[in-house]
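In what follows, a single structure is set out as structure tokens and then discussed.
Every chain is named by a letter (A, B, C and D) in the order it is written, and numbering of its residues begins at 1.
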Amino acid sequence: MAVELLLGALVSAVPIMLAAYGEMVLERAGRVNLGVDGMMALGASVAVIVASLTSPSLGLAAGALAGALISLLYAVPVVYFRADQVVAGLALAFLSWGLADLVATLSVPLSAPIPQGSALHLSLLLLALLLPLVLWAFLYFTWAGVELRAIGYDEKAARNRGARVERTRTLSALFGGLMAGLAGAYMSLVLYQGKYFAGITSGWGWLAVGSVILGYWHPLGVALSTYAIGLVLSLRPYLEALGLGPLSVSAPYLVVILALALSSLLTRRLRLRPPTT
Amino acid sequence: MEQRLGGVLAGGALGFALAVTIASLATGRPLEIVENLIWVYTSPAPLVNTVLLSVPIAMAAIGLSLSYRARFITIGAEGQIVLGSVAALWATAYSGLEGSAALALALLLPALSGALYALIPFLLRAYAGASEVLTSLMLNLVAVYVTNYLIATYLREGAFVMTRIVPPELRAEWYLGLVMIVAAALSAHLLLTRTRWGLAIEVYGRAPKAAETYGYSARQVMLLVSLLSGGLAGLGGAVAMLSFQHSLTPMSFPPGYGYAGALVAWLSSNNPLAALFASLFFSSLMVFGRSLQAVGVPLSYALAAQALIVLFTLIAVARERQWQ
Amino acid sequence: MLLLERVTVVYPNGLKANDEVTVEIRGGEILALLGENGAGKTTLAKVAAGLLRPTAGSIFLDGEEVRFESYLQALRRGIYYVSQEPQLIEGLTVLEDVGLTLELGGRGRSRGELRRELARLSAKVGLRLEPEALCEDLSAGERQRVEALKPFLLGSRIVIFDEPTTHMSPLEARALGEIMREMRREGKGIVFITHKMKEVLELADRVVVMRRGRVVGELERSRIDEARLLEMMFGEVGRAAKSKGMREPGEVLLELRDVSAAKLRRVSLRVSRGEVVGVAGVAGNGQRELFEVIAGLRRAEKGKVLLGGSDVTSKGPGERARLGLSLVPEDRLGWALVPGLDVATNVYFALNHKRFFLDWREVRRAAESALSLVPIVGSPSSRVESLSGGNMQRLVLARELFREPKVLVAMNPTAGLDHATTVTVREMIVKYSERGGVLLISEDLDELAEMADRIYVMSRGSIVGEHAKPFDLEKIAEQMVS
Amino acid sequence: MDRREFLRLAGIGAIALGAGLAGGYALGSQRAERAEAPAKKIKALWIYVGPITDVGWTAAHHEGKENVAKAFPWLEARHIEKVKEEEAKSVIEAELQRERYDAVFATSYGFKTAVKELAPKYPETKFFHCSGEWEEFKDLPNVSTYFAEFYQLYYLNGIAAGAVTETCKVGYVPAFLIPEVVRHINAFALGAIHGARLMGKCGNGDRLEIYSTRPLLSWFAPDKAKEFTAYLVDRYNVDVVAFTEDTTAVLDKAEEYYERGKKVFSFSHYNDMFTYYQRRGRTLRSHLTGQVADWTPIYRDLLLKLYAGAYVKEDIWARLGDYAPLRWRRQDSLAGRPEGSVYLAPLSDQIPAKARDEIVRLYEMMKELLFEPFTGPIRGYKIDGEGRAQESARVKVESNVRLGRDELWYMDWFHEKIISPA
């Protein structure tokens, strides 16, 4: 039973993990995109349509691509026109939810799914598990990663150094969109058997954003924190059995809030500098 | 701020034009779309609906504009509105009170519950340093879950999942909402420009260090804007309940008034008076989007179009700022 | 090597920062770019480094005309700019920071290689470096020197130092001078931007003097002399603030007893009526924390703060203001003044009236009376950020003196100001000290020597010395870096 | 932003708008078909609570609407989706003021208040309220109620479940514990016992346990529905899970288990998911059968009567066999294929033949009301809104008594075999 639970939590945590990795990279470059949930929805919708016309793997790719493309609508105003990132992110969420549904109304939101345990599914699982290592290596052991972190630590200083702030941030936002799109595609193609329906993300995009801080902006930390969130999601019925009422349903959100408070408090006590502005 | 108005108008108009253009290209029925447009902006029924819908949005936006001026970036109006409407429902249909006592409670209790709920992100920010953006966002979802639970349990009436209904004599006419948002916008404007509190908000928002150095407490300012924005959002939920909702059913998604309020606050450069008009514009877009379904335009299109307008405006405003 | 010809820079707000400036930078020499703050030195340097595009004029590198579209292009063509704030990136390690610069400069190398080279180089310039240390743990001087290492690794041919010694102890400044000489030996062209005469006399092979965006003179090493330079810089010989006579100090107005907080360790000091008390020290040795503790922005973990005899240790800034404390913070915009608000509101908000409703006529009246103390250019209704730096500081000082405080605490009040304002500010502070007490926290030893009656020396968060007139400046400088 | 820039942007906007309108018009005139306009038109408006892309409740109604719109040239069908129940009144009223509608279909229980308040104000318009209680509208001549009822199908699902379960444990994930869902659970439990007894397993049905989770408290909660399914399977070793929730999340989760090599079964809900996937070349292995609703015949019937001027106020409670006019002429059973407004999804091969035959037999009997699931003796216990027992089990239906509509419509007790949530 415990193994089932731990494994099941992993399988359902994958979209949160993938989306959080993307958001983490963008936050390391000093920007926050609140549109993750919307981009996931769009990825989910586009993936299903494309998968129904071609193949599941192309559907995955298309979902990811859709996320990346739509994230340009965040990146351009925020990075190049210095528009407010919170508003831009929220607006992007609205836009993508709308588009996701629009796409689904135009075509039948149903396709062949990616069966669990299939090679494609396993490779996605592997991606979710290995990507943090790759990102860790990238951020800490390549100069491009150092540049990205430098921009996140201190935009002005990095700019004076000649760091390519706009380019790096745009690419990070694109990566964030790509991962969110992929996460959405995973939800529709793997978790919901090749279906898209309005509200498919169940607000998990918000959880992805929250778990980035929970993982203290570190790839390995984010991997752990997103898995923990996935676990809490899976544990909700058990909490409910304890008679926690509405608290059990909102448990993952409460966990994020608590963790945010605790980590902020700790950061302050230890006089740490969060690696992002 | 006055200078930014040009950007807002240009961006909004451009986005609006683009939205209508895409719609007419997609459906191939431009005449009917224009017909709808005219209907939405001239007939009493959709205009009343625009006003009704704008009440929660405007109340949230006015409160948030104060909050954003103090650089307290809460997005928690959504949850506060939900709790506000629950409180108003309880006061009118469950408390056992009648007449003006019930009405007074139906305004007081929601304002209070909104303000109290807004205290959570404030406390987490002021005493732990946790980002209010995220905590308030998460709290929205918690509020929805808690409300659904209340509706299905303590507030459930009869065999099916529905609450009691606000008694007819306690319901508000549509124009009361309008009066309320005008009053709220004016008071917020006066607060900002004519009082010590407003000065504290302005000073703290623009230069937190200066504010602290010369004796304005950061916590007090944050507390003030939290209570005000939470209270106003709660009131917005109350007026929505009294004027058109009348009862509650479980929600699948957060209703979206608060998120719209956040966008509106930014669209109006955090100016409470401008927020009044911006929220009317925003809700008229919703009504327009809904009416377009008669022509075969899916509602999701309206959602996307609204966001597109916001993004356009953002770019226009930001470009303008760059030139200054 | 690099020729800037008839460079003109006009900022979007209409300020002409450079007006047909022509300067040549030659290999194997140290060129000092001398001028007051606001003379246009930094602007010119930024043009040379590709950080700013000139409105008009041309740049020639080895006789060939170049157009730098970005800093990176200039960097890759061998020009290195060390900005005023030594901007290592906090959060990165020294190795990462240096490596990133090299990578961006087109001279990237592996971590291992870089580690070896760093070890070799730092030995050469006498700097002990731990490559894996975090940049934020380095002192200001260390950071500046890490910056100075980079041109060697990059193989830059031209190095521009923008006021590098501002936050340095004399010893550190001397070490930097050594590095510059080393660069000269390698045939690099060095530009050294400063407003400190002493450094020019010590290091420069050639001096270009700028005033109000124009080049007003150029002297070869043999012809450099202080009087001429001063005349070029200021147009007329600068007036010095009148040195005041000795007076008997009155009652104690501000007292710190064994205060510890953050960087501060058991700091005790006293300021009495009628005296100007200086706090000397190299930047980053706890001055800012001291200011914050006195202002009430930072809790004293141990010890007591007394204001006019009453204990204010647990009181906030507002309470202290009412008890007669006035503050002139180091940063004007953001700490002292609120951008986006007009001058009148900027005066009014700091007066901290308790009335709930604002009367705008009263606000204006308050502003006008405050401004009558010090003339500033700009009406009460103009936005505060449209004022020049000098006018901003006059405004702050006028406001703070208008409150008729008991104690005035000022931190680096003349940093970055033009000469005329500097003189005015110093005069006002000295004049005020006849009525109250002044605590002057300053990195400028000359300023302290000129104004103060007593000087405390701060180092690593402690008071390491107290001096009375006449000051032994050598001794103070020594204590500053102890 | 200066004047010129503003004018330029405004100009771009105006040109784009003009071009768009013109382009749209051109496209539209090309597309326009010269259909003969019938003399008499019926205008009908559907109000949906959810998005038409929900692959559930709203999608099913929308399909019905699209079908009748295609079938009747005299019908002008419109819909408004995502109407929050709280906003319904103002939304519908605005539409009614714009145009005169002959019919309004309010497809959510929560629209009850709106219909009740609007019907007297617009007597010319006929309102049709889906899933509402008839009693609520008995004084309003222009309001009818309609509903597609599933409890018979849940009984048949139960037979399949009881026949295939290997652990003798089956489960249920309810959205809410309202009477509609409660009678579905009870029917499912009765059916499961029937199935086990039929196959002579689980102590002839005596050892069969039926677990219900706590209610999801939302019609739409796919993530939670999946978690609850996993809970039932992982914690209680349940191997058949039935549910009431607007998505197919439970079925998806069951299929997941199947893919991982653990046999867990579930059902179609609203839509025939088995055929859906089969058309795309995929066989759902966890799919046993399920309850499907087709609103088309109901809408067709209501609208035809309206068109013919033969409107009568009525209360439609569509069960098996209703709206299936050809049923007397067929020899073979249509069980597992579309028939009428509620029917059984395809029967899986994994259901033992004996049980399949029994399902088909009872399906045909239920069409004629020759068999009724809620026939006594049935023992049960009263529950509260979260499924907690309020009393110990006692006789709820006396021997040989068949529950009537009202008792079904307001059912508030669990069958004694149902293990209610902690």
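Just so it is clear, a residue touches a chain if its C-beta (ideal position, glycine included) is under 8 Å from a C-beta of that chain, and two chains touch if they have at least 3 such contacts.
All of these numbers come straight from a predicted model, not from anything done at the bench.
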Comparison of B-C and A-D by number of C-beta pairs in contact, larger one: A-D
Chain whose Cα centroid lies at the greatest distance from that of chain B: C
Separation of mean Cα positions, chain C and chain B [Å, integer]: 46
Distance between the centres, which are taken as Cα means, of chain D and chain A, whole angstrom: 34
Separation of chain A from chain C, taking each centre as the mean of its C-alpha atoms, in whole Å: 44
Gap in Å, rounded to a whole number, between the CA centres of chain B and chain A: 27
Of all residues in chain C, the ones touching two or more other chains: none
Sequence positions of chain B contacting 2 or more other chains: 148-149, 252, 298, 300, 319
Where chain D touches two or more other chains at once, by residue number: 50-53, 217, 220-221
Pairs of chains satisfying the touch condition: A-B, A-C, A-D, B-C, B-D
Residue ranges of chain B touching chain A (in the complex, touch as defined): 73, 75, 124, 128-131, 133-135, 137-139, 141-142, 145-146, 148-150, 252-253, 259, 262-263, 266, 298, 300-308, 310-311, 314-315, 317-319, 321-322
Residues of chain C defined as touching chain A within the complex: 51, 70-72, 75, 83, 87-92, 96-97, 99-101, 103-105, 108, 111, 136
Chain D to chain B touching residues, read off their complex: 1-2, 5-6, 9-10, 12-14, 16-17, 19-25, 27-28, 30-31, 50-53, 78-82, 84-87, 89-91, 93-95, 97-98, 109-110, 112-113, 133, 176, 178-179, 215, 217-221, 385-386, 410, 412
Residue numbers on chain A that touch chain D, as the complex places them: 1, 4-5, 8, 11-12, 52, 101, 104-105, 109-113, 115-118, 191-200, 202, 204, 233-234, 236-238, 240-241, 243, 249
Chain A-touching residues of chain D, taken from the complex the two chains share: 50-56, 213-214, 217, 220-224, 226-228, 230-231, 233-235, 247-249, 251-252, 255-256, 259-261, 276-277, 280-282, 421-422
